[in-house]
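Labels A, B, C and D are assigned to the chains in the order they are written; within every chain, residues are numbered from 1.
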Amino acid sequence: MLVSNDDGVLAPGIKALTQAMATMADVLTVGPDRNCSGASNSLTLTNPLRINKLDNGYISVSGTPTDCVHLAIRELCPQEPSIVVSGINAGANMGDDVLYSGTVAAAMEGRFLGLPAIAISLVGKQLQHYDTAAHWALKLVKGLLEHPLERDQILNVNVPDIPFEQIKGIKVTHLGARHKAEGLVRTQDPSGKEIFWLGPPGQQQDSEEDTDFNAVANGYVSITPLTVDLTAYKQLPTLNEWTKKL
Amino acid sequence: MLVSNDDGVLAPGIKALTQAMATMADVLTVGPDRNCSGASNSLTLTNPLRINKLDNGYISVSGTPTDCVHLAIRELCPQEPSIVVSGINAGANMGDDVLYSGTVAAAMEGRFLGLPAIAISLVGKQLQHYDTAAHWALKLVKGLLEHPLERDQILNVNVPDIPFEQIKGIKVTHLGARHKAEGLVRTQDPSGKEIFWLGPPGQQQDSEEDTDFNAVANGYVSITPLTVDLTAYKQLPTLNEWTKKL
Amino acid sequence: MLVSNDDGVLAPGIKALTQAMATMADVLTVGPDRNCSGASNSLTLTNPLRINKLDNGYISVSGTPTDCVHLAIRELCPQEPSIVVSGINAGANMGDDVLYSGTVAAAMEGRFLGLPAIAISLVGKQLQHYDTAAHWALKLVKGLLEHPLERDQILNVNVPDIPFEQIKGIKVTHLGARHKAEGLVRTQDPSGKEIFWLGPPGQQQDSEEDTDFNAVANGYVSITPLTVDLTAYKQLPTLNEWTKKL
Amino acid sequence: MLVSNDDGVLAPGIKALTQAMATMADVLTVGPDRNCSGASNSLTLTNPLRINKLDNGYISVSGTPTDCVHLAIRELCPQEPSIVVSGINAGANMGDDVLYSGTVAAAMEGRFLGLPAIAISLVGKQLQHYDTAAHWALKLVKGLLEHPLERDQILNVNVPDIPFEQIKGIKVTHLGARHKAEGLVRTQDPSGKEIFWLGPPGQQQDSEEDTDFNAVANGYVSITPLTVDLTAYKQLPTLNEWTKKL
């Protein structure tokens, strides 16, 4: 079993996840050497990767979450892992934001290389309940191994940051939509030069019952199946029509 | 109109695209200060962004393609652009690889911020025919403005690197699949330390008639509608069933 | 003749310097692709370097000023240059700060590779008189070629940002001392996480007549010979004494 | 007492050094989050710094060795440390190479901020005897606190990688000279693009008896006093003469 994340190999979430997974299988933990939040599916192409084996047996990689999973499956795992588990992310990966997520990307990369894959995030601000997410990760990994998804699909799981016994249950959801992000912060560095910070994400826009936002807000674990095939199939006929005339 | 890319603001493709677009509208060109191939939808969250206005009027940003489009729409464009055009990428963005593409990500970011968006790539090795791609970009932008897509969709266009008059036409396609990438290159740097390079992409796997790979290989411009909503809707019922029992 | 800098190959200072040097010799201009202020003598060891030839003939390198000069002399120059000229830096390189300077480091690297070398900086805030610095650069390069320094020495030149005819003359100086830097700025990024910015440099401490600070403040061009041999020779006897007893 | 290094906060050398120093004083250990070999005195000016407190109490900084020492003294140390000890570097810092060294730079930064400072390196290939270097570090720190250097000086120490009892003694040395570096490696990345690696350092050139190269080669601990004032004082008169005529 392969565990990875995007918060970096020293983050608390990857430790909680590794410990939970180790109760059911051999685990190799491979994560980025720095916090890669917002890394999406980015790959390191212009520079080589370097690895560093830490005292606790985890492997640190000078790259992105996608690099980590690719490198681990191709070179570092003694045998092909049964599943790729990514997380536990410190914060939500819901709605439109999943496209920016390194946690989700790590799971996707496992899928591209032929393995079942799941991404787990803990939703809240001052996170306290990694064990809740770890518990659910364990349950869902077992379920997923029994009920495989299609070859282009992964599971994206968001768990509210509350005690395990307060979780109301599971909801299978689709991705909600956010309002546009609230804009950039335009400011100056201490030497007076203009800089821009990407602003905080927008408020959730789409909070109808079946969305991930709604499930988590109401104390449920949200489970969203994602596809790695981005083709918008329903648009093909219309597009065929007008492009024919170009 | 906003033009961006992932090969960097000094690349030949963004110049060809800017010049073509300038024949139909005012253009602002904003690109990354370095080659960001493989950047996917990554965001710069831990550091601020800085901009630099170049002699030719283009704006260089110390960030990713997604950063560029976000910053341009929110801060740099004098008014909201009518469309985001990303490219012309030096090389294919087809099949599974679109998930890693900064070119496609730049278009997606435009879509998230409410604008029509299109990504253009030139497919070949020693690229010579940016003008072919620029021509088709112009045609397709005009078409797209007349025939808007759904709110969660963009166009992904791949053009073979051949003279304009040799293009056989357009094919509307879905994303093909690759074989798994051919693996990493494990080697040493000159001081003898172990390094890994991400290997070249795998051979195309899925070359049936409706794929992007097939269209381009046969001399057609491939047009694939992509969605930014990754939910695998068809999987929802099955997932509902087994997770209910956890 | 080789021209380099640390503000990046697109900065105004390197252009002014290149144009001035081109009046007396063939010039190759090689600079970093990004602003490398504060780069000191840093080398890129864990990643490879890439080059990009720009439309104006300058060469952009994905590395530090030291990388640029090393790469230029070893690989890019058609024949060994007669001298390395670094600058024109946008801002002072005086006193203790020369140790952090990428501009000075570029010159030092030329010296390590056996060439005469000179670093030029323009001192002021809203810089307007690059031509003043370019004029003096030309004079001093000619002088330096006639009056070679020792094999471990370079010239560090600081020019006040005033019109050429207002310069009062040259002063040969030693490096002044600053007060300790005014401290860090401890603040938060927009998502509330703690960050630290290195603060502005301290006020000059040592403004006696022979320092670089004093010369420039009084309208003179400051010329300081620097050595690349850091050994504190005068300390050797004392040190010999007490370490003998360990 | 402040301990830092340039190999990164997880490197074995900083651990050995911290443990040795902890036998005589309270120690705060602050190092870069990545290997910064070759960082010289570089400063992080365009981005902010972030810190991360590790399980073992060490503090990891997203910056250079100079950043670490500056940040530690200004913000992280509960009170001003009595001395800055940098190392134990994995490999030599001798001769011309000290100008590129992050280990030496960390010590220099301590000096700029008014503290005694010492840099320690272990010289060899497959390093085994960090304890030898740690022993000597302890001896020399004690000696240095009793015999302060001038305000612009630090100690640079290189220890051969042999068992403690095989060390022949101490030599006070000056920096030797190297032959020019053996040149760059020009090669291709796996996708066929041209890259350059900085080559291995040149052979030592200057092996007369008083150099650091000579001392270490003969089984001695080499101690070189370095100055942070780069002024080439002996050149001032000559320079005064010819520049007067410009």
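Please note the rule applied: contacts are C-beta pairs under 8 Å (C-beta built on N, C-alpha and C of every residue); 3 or more make two chains touch, one makes a residue touch a chain.
Keep in mind it's a predicted model, so treat the numbers as computed, not measured.
Looking at B-C and A-B side by side, the one with more C-beta contacts is A-B. The centroid of the Cα atoms in subunit B and the matching centroid in subunit D are 45 Å apart. Centroid to centroid, with C-alpha atoms defining each point, subunit B and subunit C lie 40 Å apart. The distance from the centre of subunit A to the centre of subunit B, each centre being the mean of the chain's C-alpha atoms, comes to 22 Å. Contact of a single residue of subunit B with at least two other chains is seen at positions 45-46, 48, 50, 62, 189, 191, 197-198. If each chain is drawn as a node and touching chains are joined, the picture has every node linked to every other.
Put simply, subunit B touches subunit A in their complex at residues 35, 37-46, 48-51, 64, 66-67, 70-71, 74-75, 96, 98-100, 105, 108, 112-114, 139-140, 143, 146-147, 149-150, 152-153, 155, 170, 172, 174-175, 180-181, 183-184, 186-187, 189, 193-198, 223-233, 235-236, 238-240, 242-244, 246.
On the subunit A side of its complex with subunit C, the touching residues are 46-48, 50, 62, 185, 189-191, 197-200.
Partner subunit D is touched in their complex by these residues of subunit A: 10, 33-34, 45-46, 52, 54, 60, 62, 189, 191.
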